[in-house]
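Chain nomenclature is as follows: A, B, C, D, E, F, G, H, I and J, assigned in order of appearance, with residue numbering initiated at 1 for each chain independently.
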């Protein structure tokens, strides 16, 4: 089941550089694990912004919520979620 | 080069059913051709709306514009375009 | 799986009264069937508006989309969908 | 009498973890008591956000206001209230 | 129980003058009856607009909804409702 | 001359409790005096929010501005003002 | 007493040219009379738009409302009104 | 050449009173000099807000920008600029 | 003197194709003449939309307004104007 | 390939003057280098704001993103990007 997720990240300017780097590192590790597991299907950077467009493939809304709130950057993010479903014109079997 | 495109379709209520059906049919044929050509990389339906989220893979902004304006439904659509680029945490080689 | 759905209905002022009445009647019949089936779990009127807040309980996003687009009033509605999940403070077993 | 309430919670990032945990604990206790009393009829989490959709069943607007402002998290919340009433198509007797 | 109601009226420009006059006349008669009954407690014109701010005093949300939807101009109005309650600094006994 | 005024209050979370209490106390005293003088004609709480809807009855815009800016909570408020005038359907002599 | 008024004009595209010209002519005559009377103190065109910024000098809100609603273009206008008062740094005696 | 300028001032609550007073004093002196020079043609207070509507009469956009950015309160202001031109119905020679 | 202008074009769907083509042709001729004259300095298409970003180089706001309102497509356009001036970091002499 | 970029800069008021000056100096040096290289084709100041409109000429979205995020002021900026393409009415060969 696919969900379109937009994440805008706003780290406080006052946050020490090492703390920010540490956060991003753990975020990256978790993001890459979830991608390898197929949960985090797509992850793109929005050009010019510290923000991304993602597509999650999960079994339930609970799973989506738990994944998103488990992200180290979650407290610093504004997140919008839109449920997606297969488009009648889509030719891709794996896009639903 | 990837572009995130949201399309909201508003067909006039007064449009005869056959005209609408014809439009959708030609739209579908073009959309599927472009997907097979790899230009229209992703096409999802936004649940509950006559709208879609798409990701186009094109060689230039001109190409994107020409593809979008060539869609039969273009006159009836509100379109928003966001340039995407590879996310530093992405594990997918084919997602840039 | 629960989805929060807001529906704002805008019937054209020019629509003949009987057509509107017919539409509403078929809409009501379908809405009540879906409620009896447990799909359309809650349906409330927003005071002062021709709009409602609903909660759907479906097995997939596809099912939600098909239900919403099958509503006779769908062409006349603006619909917003938000995925819901169980709140950690909820005491209701049946609210997830 | 039913009211649709959306609560977005924004705890200051600078708040010590224990204080936040304490606040959430007292909030949860009060929320669960009010649910058992039937005042707080529904409480769902909006997926991906520290926010909820609730439906309150109260005897007056004053009661609603007092309940909301008595919540420990009230100072950290942005709250929107919409009055609901029974939908003519609703089949549930207990949903008004 | 008090509700703050803003009504913006948009009569179609194509509506014949007599029809508009007739509508306004029946609207005025109903509005004045409801004021005399104490239901429609305040009715002010927003300067420069075909819109009003009203305060209704009703026994339930249902009653509010029925009153508003019974207005002849309802189909031509955009309505926003906010529940009001007694302010702790109010000196007026009759303002709750 | 009537003005519709919406006041949203945002006290800094870091403000000491006593300072907040003192502010609110002087605000209440001034608000009640102005109500007794007939300047502050209506004062209602918006349910669920630290905000109010007020109606001021003043002799000039200057007087309105001076009253609002003299409120102890003024520096912490977002204020919107709309000029009101007598509605042609109003039955109340004292509502203009 | 001064009011800042923004008027956006939207004449229907379907309106016959002569009707539009006639409307504009009567609008201009009334606007110029009111300027000579000192009621309509300032009238500027917003560059690039069929819209204006005006400042009215009236004795009451009623007078403002009556003037605005008496304009031939009123049914085709979206109007926003803001009450102005003398700025403490203003050096102009006649600007209040 | 006339420009409509709206300035909303947001001084930090933490700013010492004397610093604020000093800022306002130098702002006032500059504002009054510019008015006497004819650059700052109109300056009105928006009732109920720490904001103003101004009309500047300058020889170029550069001059406007330099004047605005030279204001002591500039760092604390949100500024919107709209170019104005003579309205065809204006009777004032000096209003262009 | 430079002005940033965004133009969104909305031709009525009901407009006959020839009329639309004729309009666009005269618009193009005028646009190209103005570009050759140096008035219309830049004209870009916003990808995916029937809209453009332009930069005009004019001697006064009046000139800008007259140029924009003389465009055949003006009645069908929503136009936003922002005054530009030379950026302190710009290296281009001709960009002011 | 051209991209329209709007940058709004919000330096924290608490930032020491020297740090701000240093940031702006390195920003200016980089901006001027990129302009000389042809990447940063246009850079204009929005009158009255600490913001600019820019047009970038890059070979890919990645390049655009890397340039923008490499700007010293990036952490303090809100950036919006719109892809541009050649307008059919443009007479300039170098504007695509």
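The criterion applied here is as follows: a contact is a pair of C-beta atoms (placed from the backbone, for glycine too) under 8 Å apart; a residue touches a chain by one contact, two chains touch by 3 or more.
Given the structure is predicted, the values throughout are model-derived calculations rather than measurements.
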item	value
Chain labels contacting chain C and also chain H	none
Over-half contact-pair match to E-G, picked out of the listed pairs H-J, A-C or A-B	H-J
Contact-richer chain pair (by C-beta pairs counted) among A-J and A-C	A-C
Centroid spacing, where centroids are CA-atom means, of chain G and chain J in whole angstrom	39
Gap in Å, rounded to a whole number, between the CA centres of chain F and chain B	50
Chain F and chain J, separation of their C-alpha mean positions in angstrom	44
Interface hub residues of chain J, defined as touching at least two other chains	2-3, 45, 47-48, 61, 64-65, 81-86
Chain-to-chain touches, reported pairwise for every pair that qualifies	A-B, A-C, A-D, A-J, B-C, B-I, B-J, C-D, C-E, D-E, D-F, E-F, E-G, F-G, F-H, G-H, G-I, H-I, H-J, I-J
Touching residues on chain A, where the partner in the complex is chain D	3, 5, 12, 61, 64-65, 68-69, 75-76, 79-81
Touch list for chain I against partner chain B, complex	13, 45, 47-50
Chain F - residues contacting chain G, complex	1-3, 60-62, 64-65, 81-86, 96
Complex interface listing, chain J residues touching chain I	2, 4, 27-28, 31-32, 35-36, 42-48, 52-53, 55, 82-92, 95
